[in-house]
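For reference, the structures are reproduced in the following blocks.
Note that subunit A is present in both complexes that follow, paired respectively with subunit B and with subunit C.
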Partner chain A sequence: MEARQETVEIPEALKVVFARLEEEFGGRLLGSSFFRGELTFTVPVEDYIAVLKYCRDTPDLAFERLDSLLGNHYPGRKEAPMEVVVHLTSVSKNTRLRLKVMLAEGQSLPTATGVWPSADWDERETWEMYGIQFDGHPNLIRLLTTEDFEGFPLRKDFPLQGTVGGRIRTDLKGKI
Partner chain B sequence: MGGAPTNGHAHGAEAVHRPTLEELKERKIRTRQRVHEGQETITVSMGPQHPSMHGVYQAVVDLDGEIIVRTRPGIGNLHRGVEKLAEQMTYHQFIPVTDRLDYVASFAMNHGYCEAVEKLMGVEVPRRARYIRTIAHELVRLANHILWLGVHIMDFGAQTFFLICFRDREYILDLFEMVCGARLTHSYARIGGVSKDLPEGWVGRCRSVVEFLPKRFDEYERLITANRIFNKRARNIGIFTSEDCNAWRITGPTLRSTGIARDLRKDEPYAAYDEVDFEVAVEYNSDVYDRFLVRMKEMRESCKIIRQCLDNLPDGPYLAHDAAHVLPLKKNVLRDSAAMIQDFMHVLRGPQVPKGEVYRAIEVPKGEMGVYIVSDGGPIPQRLHLSTPSFYHGQAVPPMFEGEMLADSVGIFGSIDVVLGDCDR
Partner chain C sequence: MGMTKPVGLGADTSGNAATGKLEISHATLASLKNASDAQVREALDEEHIPGVALPANLEKLLGFGRSFSWWPLLFGLACCAIEMMATAGPRYDLSRFGMEAMRASPRQADGMIVAGWCTTKMAPRVVRLYEQIPDPKWVVAMGSCAISGNIWNTYSVVQGIDALIPVDVYVPGCPPRPEALWEGLEMLRDKVKQSRHAYDGLRTIPARAAIGE
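== the complex of A and B ==
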């Protein structure tokens, strides 16, 4: 099927990004993929902040902006079920890059608020929705849900109707 | 400034001074009071039900006299768990939910979501649908900016102007009512096109609205642009330089008021934006007044875009013929067995989606909205994330307020255009 956005080969601007990241971090990067014109790198936890800083400060890359930071949960992946996905945008070069960090259950990630202050709420949201800890975050408290909320609602094992109140009573079946 | 301008373009007549980033930083420091931590402060809670807070945004501010020392924002009062809901429904079913994000500009939200899904599926949208989407998106931008303008000016104390703006917004809502039956929650975009074709007589009516609105904008500018009170109050407050904007992910008109011509309609064209001629509205002073100017320019550009689209509106289908990904035309479902089967398959089983992940950002009226979708090959997304502009704009309120007067905070908050449905999701 021929799609309007489909590009077979990597565009020039992303080739530069690819080359520079490969050159700087080499074998330490855990993988890369290219789908629908988007470049994705999987980054080890130890290099996470270094990669972010490198992407921001290298003039060739110039990713000035953190577009979004979010979590994801893959219950099927036993050793690393949690994931943090970061989207970077370069306003001057008009390129985008996606970075992924895979985490084990309970493993924490250093905070990106020192690199981009806009990561603050994103990280708070990721923590409250997935329970991913961000080391060094200045104010890691619940943001969108209430303070007394229990559980991490965006995990796949969290029921859609919640864990308190408003549930359909199945224990009364046949009794009334 | 002062004195009545002869036409709407009062600003263009002056010699435009373009301050550099250093000058802006200097100006920012000069216009703001230095706040001293540890001094005795008074805490005032503004919101979530405060007349000057747009929606249910809470800002607890610590005041040193009239100077804001610290702001603690509180959001989440409108949180509906949209991302969790998205993981429970098919790609088609999620479209009406996106309406409830930014309910002032619902179509823009539908559009952003559909663009992302189309990118994931590789659906090609017919040319007519792309034109209709462009028209609808610009109409919604007009409606959003007009509403914003009325509320923003009301923040500065002018009550009447609010009603003027509401009256003019009605014309656009009427157009939407004609085309999709809804005034606010449009749900007009579909994966692969739009839900309905433009009705009889709509093009002419739309044309008369976009011919008429610029005259209204002239009127607005006569009332506001040179208004002495607005000038005194809105100039040189809330300065946020381009560096700050990048650090805090501020996008849209606020970013363009800092002299950066970043507009996804130009930079990553979608719909029919690469086929129309328009200018990116840019201003240079990074303050509340320039954000107003950017939006005024944008409204005029929107009218221009709509006019071009109406002139060149192509014929053809308004929904893609793509049985694997797109719903069939409703009128065919009861007449054509293939279309009926297609409808059943989509409703009962959902579309066929390749495995993969995409991030698609478009320029909605408030800024850049990015939609991130992860698909595991099933009919429902594995993960859907919406990075909405208001979320980040609401986050940037503390650094924007710091050192400003309490009375100005209301105007500054209005100028970044936060809608809480968009922010809390």
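== the complex of A and C ==
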């Protein structure tokens, strides 16, 4: 099988992002990759908020916008099955950056609502779907599922048809 | 057709019509209660009555009127709603059948088109909207998801809207083309004309009955 050819040139703006982040956090970052024009860093939990603030406040980077914050579940990764992925956008520099944080089962992450208030609902959804706790979140309650929903549906071990199931939903008792 | 076409009173001079009085036996009236138009005409011929608007046909008259101004609830759950909008738009033009006035309030609607999948979180709202529609009301389940849940046999999707509320017409498709919805609405108009409903006399909500409330 032929090795994958990297045909996309790394844009100058992303080279600056890469250089500044490497310079500031250096060996503390767990890894980086450049794939199809997208730059990804893996960040340790301790530096998570520091990296976010650095990305937002440094004039060279100027990531003004939090595009999305979401979760992942890798049951095969025994040490750190959970993951939080953050997508940042710089409108002024026209760059995008992806940050990943790997978490152990039950490990919590500090909330990003202090950096970008728009992280509020994203974190609520991530908690609801994966059970990843966000320390300091102002309102960590269910967003999409019903209030009394049990379980974290996007985890790989959650049964697709749910824990209630059936054509007649007994969990609707008292609601309709 | 919804009702018999009245014949001019002076046209037929035979039988009772000759006296100028419209008389019809109780037995005939009772037998005509659920009769088809052809049967009504036949019975009228037997009694030599040239044609009258019978009380038994009042419901048919109402149904005839309703079928030309069935106003659905402005209500879309998912992608099927886009096709519903296309049906209401100028190309397929539901206003030809008097259905273009989608009411934003259930209290002014004649029924609802459940367009798309219904989540368990939405289910109580769907039932509430259905109950707020005044009688008589008709429900169209539009699309595979509203009919059976389609591929979403999952934790959050209701497996068929008829588990929640009584459904009159099912329109399959994913999503159904506007022609399909139109066909379904034609079938619905037939039901409206005949004043036939999916709900029972007690207005039972299937979901509530099944849960046991």
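Here is the rule we go by: the second predicted complex is superposed on the first by the 157 of 176 C-alpha atoms of A that agree within 3 Å, B and C clash if a C-alpha of one lies under 4 Å from a C-alpha of the other, contacts with A are read in each partner's own complex, and residues count from 1 in each chain.
Heads up, the rule we're going with is that a residue touches a chain if its C-beta (ideal position, glycine included) is under 8 Å from a C-beta of that chain, and two chains touch if they have at least 3 such contacts.
Only a predicted model underlies this, so the values are computations on that prediction, with no experimental measurement involved.
Enquirer: Classify the contacts of A:T145 with the two partner chains as first (subunit B alone), second (subunit C alone), both, or neither.
Expert: In the superposition, A:T145 touches subunit B and subunit C alike.
Enquirer: Between subunit B and subunit C, point out the one touching more subunit A residues.
Expert: Residues of subunit A touched, subunit B against subunit C: more for B.
Enquirer: Return first, second, both or neither, reflecting whether A:R36 touches subunit B, subunit C, both chains, or no partner chain.
Expert: Only subunit B; A:R36 stays clear of subunit C.
Enquirer: Have a look at where A:L160 lands relative to subunit B and subunit C in the superposition and call it first, second, both or neither.
Expert: The answer is both, since A:L160 touches subunit B and subunit C.
Enquirer: Classify the contacts of A:K93 with the two partner chains as first (subunit B alone), second (subunit C alone), both, or neither.
Expert: Neither: A:K93 stays clear of subunit B and subunit C.
Enquirer: Identify the partner contact of A:L172: answer first if only subunit B is touched, second if only subunit C is, both if each is, neither if none is.
Expert: second
Enquirer: According to the stated criteria, A:E64 is in contact with first (subunit B), second (subunit C), both, or neither; which is it?
Expert: First partner only.
Enquirer: In the superposed view, which residues of subunit A touch subunit B and also subunit C?
Expert: 144-146, 153, 158, 160
Enquirer: Which part of subunit A faces subunit B closely enough to touch in the complex?
Expert: 1-6, 35-36, 38, 40, 64-68, 70, 72, 85, 87, 89, 91, 94, 96, 98, 116-118, 120-121, 129, 142-146, 153-154, 156, 158, 160
Enquirer: What residues of subunit C sit close enough to touch subunit A in their complex?
Expert: Touching subunit A from subunit C are residues 120-121, 123-124, 127-128, 153-156, 158-160, 163-164, 205, 207-208, 210-211, 213.
Enquirer: Under the stated contact criterion, what part of subunit B meets subunit A in this complex?
Expert: By the definition above, subunit B touches subunit A via 75-76, 79, 81, 83-85, 87-88, 118-125, 246-249, 260, 262, 267-268, 356-359, 361, 368, 370, 372, 374, 382-383, 385, 387, 391-392, 395-396, 399, 424-425.
Enquirer: In their complex, what parts of subunit A are in touch with subunit C?
Expert: 144-146, 151, 153, 158-176
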